[in-house]
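My questions will all concern the structure given below.
The letters A, B, C, D, E and F name the chains in turn, as written, and every chain counts its residues from 1.
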């Protein structure tokens, strides 16, 4: 590290700069529950197609593609929970942690189920998260 | 494969069932240009943050995270182009292939640029795709 | 699906079999906080090496490899939280959700920090999770 | 950023350096349709093995591994289309976009088919791309 | 690269600094055969669950999840072999290469087998590697 | 599993069918050292471009993209070593294990080096593997 930078780094320790990327891994500040919702719609869509088919290969592919899509739902939800939401949100919405736990567990349950009703349960929980999310964005 | 299935498979060759999953890899039928748009917003957001920072580590992280996000933009656009759009769409929108080529090239260009104007160009092209997409969904 | 299986499936709806893979995506039942801990040790190790080096390329690589390792920490912790822990655990350990939130946020914070003290904070939180985990396994 | 670099950066804005990495994400300039072809040979190979087996587990694995290999075919083709080919190529080969669309759609179709003839169709389209690719390299 | 760094780089060529990250890609120096062992336990766990189930969807999921877990076993073992072990270890343990070859081949074999005995063979080979690993760490 | 399949499975235990997919994870039987070579050419190409550039962002991107490409080299080589080569090859080519160890270590070393001579060393080792590979295919 060049000398000048060392000096800047030293000054920073004494008087830290405003943290422009607090509480988020990605410094971009872009979050949207639509990412989880789109994958969850895919999960439910696959469950519906599975019910309507007798083709073994097709059904096999349903199971494996649904596995991946449900994993993406979980990933997008976890990122939202850990990276977007801040302590003040958790205070205002005391159900927040439980809601994310239930939603990610519902995504896991959808891997094991070929019933579109399970996909719908997942979508309903994501809808609850979506409502809270947009309230915090407006605040 | 059990005997019964072999028989069904045989019958299928003679009189193929309606292809419920034509033109899409994922049988779910769920597509949404929002997936590409959200990642592109992230690309532009990172370019803006890069301009506003003098922190070397932060800027390094901007470059590497933008690389990933721009790759996701390209992936979501490619999937839309190959999996969602059908020959009749390409006929109705003769600019379709060029538009996707330009948009995915713009995503690549955003990896090399720290200028938010390049992120905006990418977003504008995705907006054009989005307009066509929703017209085809209504049709 | 062959006839026999259809019958079994039908019977299952009326009297569901014991759910051998309840609450876990992977049916294998194998979980171990060591997976998160090893990656977190890597995060801290990289922070230490970063401090001890003046080589620009080496420091760049530290930042990008730490980013990946911290992502793996988050992933392993999220899986543990959602897939391993069950409602009875959350009842017995009311701090569980907050602890996982803090730990995954600490992993995110370690991406932005080159200070091994931040890596250590992350390791301490994983240690708390590890203690609870092994108590629930013994129970 | 050290002072010297700031100066260089400033000069660059006024008189930009020759763009050594134009039109490619990877600055290395290495492309080869062999990457797509090898994965497509794998797709066709799996279809042949599927036909020759009665083992359920083996056939299940065929379906899931073919899914991954066909995804790699699509990825390598998309990268070639967007990153390697330039506007002058598209002008000289007006069939370029359609050819890549057909080839990536053929890769998607191979996921759904256990017929080696579909794998061969994919290979034939990649061969057409390969011919154009090496003509542009010689030019 | 700033002038000071250029000078340091020049000096380095004449008298290279102690290589702080010799023989490892990750500069962190953290390795642990537990990573491969945990995934291999998962492989064996899945084989056991597969034997105990008659549910087609469950068995399909076993096959695909086992495929992923066995791939992780291979990856962790390969990294250990190439990145952790040094020529002096290979000299002291002449069976090292063969042992890793056998272990990674056993992981591949476990993808094709639903017999927990094959998962156990894999675990036994990882145990042999683990013993050598910890001996080299103590040395 | 339908009754008929159970019977087949039972018969298989007594008289196992010819193992059509012995020694390979992918049942397709397609391997080609070109996959590792193409990525290694990319590694060397990046090292050359790095030397010819003074642009900090460009050089940062070189480091991170080279990291990924070198990882792909390692992956393709490991797969070749474990999945393609069989005990009779190892007997005929006693240098096989050492050669793969050296080559994958050279790929790791290329991550740390911006010197194209290191990329070339990697390519030379892959060439040695390639020669052996095609000899075994002809045999």
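The rule is simple: contacts are C-beta pairs under 8 Å (C-beta built on N, C-alpha and C of every residue); 3 or more make two chains touch, one makes a residue touch a chain.
Please read all numbers here as calculations on a predicted model, not as lab measurements.
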item	value
Chain hops separating chain E from chain B, counting only touching neighbours	2
Neighbouring chains shared between chain D and chain E, ordered by label	A, F
Candidate from A-C, C-F or D-E with the same interface as B-D, over half of contact pairs in common	A-C
Result of counting contacting C-beta pairs for A-C and C-E, higher pair	C-E
Homomeric contact chain C-chain F: same or different residue positions, threshold half	different
Approximate Å spacing (C-alpha centroids) for the pair chain E, chain F	16
Gap in Å, rounded to a whole number, between the CA centres of chain D and chain A	30
Inter-centroid spacing, chain F versus chain D (mean Cα positions, whole Å)	19
Touching two or more other chains - residues of chain C	1-2, 5, 21, 54, 58, 60-61, 64-65, 111-112
Contact graph of the chains (line, ring, star, complete, other)	other
All chain pairs that touch each other	A-B, A-C, A-D, A-E, B-C, B-D, B-F, C-E, C-F, D-E, D-F, E-F
Complex contact set, residues of chain D against chain B	1, 21, 23-25, 54, 56, 59, 70-71, 74, 78, 81-83, 90, 97-98, 101, 104-105, 108, 111-112
Complex contact set, residues of chain E against chain C	1, 5, 8, 20-21, 26-30, 32, 34-35, 38, 41-46, 49, 52-56, 58, 61-62, 65, 69
For the chain D and chain E complex, residues of the former touching the latter	2, 4-5, 57-58, 60-61, 64-65
Touching residues (chain side chain F, partner chain C) in the complex	2-3, 60, 63-64, 67, 111-112, 114
